[in-house]
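Read from first to last, the chains carry the letters A, B, C and D; within each, the first residue is number 1.
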Amino acid sequence: MIDPKERIARRIGRELSDGDLVNLGIGIPTLVSNYIPAGIRVFFQSENGIIGMGPLPEKGMENGDLTNAGGQCVTALPGSAIFDSAMSFSIIRGGHLDVTVLGGLQVDENGILANWMVPGRMVPGMGGAMDLVTGAKRVIVAMTHTSKGNPKIVKKCSLPITSNRRVDLIVTELAVIEPFPGGLMLKEKASDATVEEIQSLTEARLFVAEDLKDMV
Amino acid sequence: MIDPKERIARRIGRELSDGDLVNLGIGIPTLVSNYIPAGIRVFFQSENGIIGMGPLPEKGMENGDLTNAGGQCVTALPGSAIFDSAMSFSIIRGGHLDVTVLGGLQVDENGILANWMVPGRMVPGMGGAMDLVTGAKRVIVAMTHTSKGNPKIVKKCSLPITSNRRVDLIVTELAVIEPFPGGLMLKEKASDATVEEIQSLTEARLFVAEDLKDMV
Amino acid sequence: MRIVGMKETISLIKKDSSVMIGGFLGCGSPDCIINEIVENEISGLTLVANDTAFPEMGVGKLIVNKCASKIVVSHIGTNPETQRQMIEGELEVELVPQGTLAERIRAGGVGLGGILTPTGVGTVVQDGKKVVTIDGKDYLMELPLRADFALVKAKKADYFGNLVFSLTARNFNPLMVLACDTVIVEVEEIVPVGSLSPDEIHIPGVFVHYIAVGGRLQ
Amino acid sequence: MRIVGMKETISLIKKDSSVMIGGFLGCGSPDCIINEIVENEISGLTLVANDTAFPEMGVGKLIVNKCASKIVVSHIGTNPETQRQMIEGELEVELVPQGTLAERIRAGGVGLGGILTPTGVGTVVQDGKKVVTIDGKDYLMELPLRADFALVKAKKADYFGNLVFSLTARNFNPLMVLACDTVIVEVEEIVPVGSLSPDEIHIPGVFVHYIAVGGRLQ
């Protein structure tokens, strides 16, 4: 069976359209770049100030002046553009970013995301997460369905939230869930799981789409 | 006798210091560039987006992509820099401009300038004047002392004001006047005019500096 | 991003649209697109621009040919026709300090709800606006500006729409690209992808919807 | 603008100053100036930076060597020492969303009294801040940031101080140049006046007070 993280990334890849400007967070979201559907071109923006980031450089061709938002040396694809941090977040906050894919600690039944701190335990800071969730046209959360057996899709976030903006899609290894004003809609499920199994691993109530499909 | 406008421009030239970033308005202020004291280098900023503007080009070497804030073709000196309108006014409004020299319709005894419209008669718009007067480190008004015999230095501006910021210096062909919290201080007078003559052409009351000098 | 013919640009712009147009007294305006608007007698436009240039130049032509019913600008002193139409009540004119105009357009493009600026405090510009006092200093709360269309001029683009401007023809153009729903760029030349250094690109192509090659009129 | 030796830069920076430092996880930080601060054991600094990088890199070194008593940053997750000092109460940490940090520094440099941003509404970032509603949408009023010193890194300068940055080493550097009373720039090279095109200069030299050539550490 395909690795759960790869399954999530592959499914999210299918959400991208030709010409999209996309920002991928650290972790599972980064894997999405391996699953761009054939025939489309997407542009990757990185909040440190580049559109058109390419893959890691060949050994010996790294340059410390060209990095991604994780501090790793990257390459620049033909047609890439560089800008300062104000412009980088103008893109994000001004509604010019088509899709942001971020990891999540919790999403609640209002579609509210918490992904930047666990009080008293892990306080890395929000970095660009609050700007991305508030400003992007489409926010996709990429996360495992549970953490150590505990549901991450909850009734109400107990962790500090990232934004009061409802996210657009949650993709886990078990389900594709679309938050809507009335709650969370289960749109797709893993073929090897039942709706009941998914609900039992989910604290929030899931509405089931009439046209529920299997995840591909 | 030297032309009154040239006299004003020459006197203002002596206010500039080495390294100053200077914005000159249309009219008398433009003439100041002819009177930069020997041995100092000043940088001219133009609100359309350039620092290091040079003189008019030779005939046949004009290019419509390089103009001043009056729309005239200019040249670029070595070391000149170009930027967009947001940066241009970031310089002006952020307190990075050392000196702005502007024309005036009226200045009142609080040192408040009116220089952008005469209601019902002339409404060109404020252009960058409000930003310049509000944001520059030092605001110098260059104007003739009277207009058709009527004082331009008045008790209270009857025309719409440009900014509520007190200007730093008023230079006319007759006087150098420094506004201060208590009023207007006559610091220098033309050698061919008496204090009484100057006061008679000035509606606002002038305080006379203890060390009153002749204009040079 | 799509490359279109100059004639096609005009089919995108509807009567009564709001339109931002780059340029500073004609320098850096999209002259070919402006000519198309005039020829097609599009009217009722709300224009956002720095100025109305001169009667025979840039935005000035749109005024002379009565394409606009409202303008938001910092300066109209170089175009007597603008003043005439304003006085006759044919044209609504909103005057905005030039730096405030730049910041309002920027705010519209970068997702700010407004900005606090000292420019205009205590002047007629303050009328009807909220004054906010911070650390004892007064500021006007100025609101963002956006428009349906940006008509801008760049020196060149690559086939991804990355833009490079030329000298003082840059001015308001880069700001307007971010602040409009549809962005149409007139360029003198389209160059191959990869032929521009990422450091010399002034505006990334992701903001650009249409590009038309217009040559050089002056 | 004055060109100084790298050792001289440090004599300008006093204990307990506020200092903005460019860089993004170490990329584009003024590494030579940072080394001088560490060697001279300057302490009590208030740092404004995007992050605290890694323990052996960029701003991270200033944390490890206890040069700072307060930091204003968007992210500290890559430097465990920052977290340790914060938890032990040795270091005060103000966390600011990255885009808000950029806009606040910009506001400090361009003379705005504040900006209205939707980022942070309804989160802990809202605590103690004014909420302004415009057209039914809530915004936080965020205030400008300024500092005594900007320590920035550029690829090259000319002898007038005009700056060109390199690739993603640009990041916060250009913004900080406008927002500080004294601007000290570390460059790899100083080039003749007139050898840079006016269109390729990222920041005009008029903002720069001191330049020191630092070579290239990595």
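Rule of thumb we're sticking to: a residue touches a chain if its C-beta (ideal position, glycine included) is under 8 Å from a C-beta of that chain, and two chains touch if they have at least 3 such contacts.
On a predicted model such as this, the values are computed, not experimentally measured, just so you know.
Averaging C-alpha coordinates per chain and comparing to chain B, the farthest chain turns out to be A.
For the interfaces B-D and B-C, the C-beta contact count is higher for B-C.
The distance from the centre of chain C to the centre of chain D, with each centre set as the mean of the Cα atoms, comes to 32 Å. Distance from the chain A centre to the chain C centre is 35 Å, each centre being the mean of its Cα atoms. A straight line joining the Cα centres of chain B and chain C is 29 Å long. Counting partners per residue, chain A has 50, 76, 82-83, 86, 89, 93, 135 as the residues that reach two or more other chains. Across the assembly, chain D contributes 103, 106, 110-112, 117-118, 165-167, 170, 198-199, 202 as residues in contact with two or more other chains.
Chains touching one another, given as pairs, are A-C, A-D, B-C, B-D, C-D. Only residues 1, 106, 109-112, 158-160, 162, 178, 193-194, 196, 198-199, 201, 203-207 of chain D touch chain B when the two sit together in their complex. Chain B meets chain D in the complex at residues 19, 21, 43, 45, 50-52, 76, 78-83, 86, 89-91, 93-96, 135. Of all residues in chain D, only 103, 107, 110-118, 132, 134, 137, 139, 141, 143, 164-167, 170, 198-200, 202 touch chain C in the complex they form.
Chain contact summary for the complex, chain C toward chain B: residues 24-28, 50-51, 53-54, 73-78, 83, 86, 95, 97-103, 106, 117-125, 155, 165-175, 202, 218. By the touch rule above, chain A contacts chain D in their complex via residues 46-50, 63-71, 76, 82-86, 88-89, 92-93, 122-131, 134-135, 160-164.
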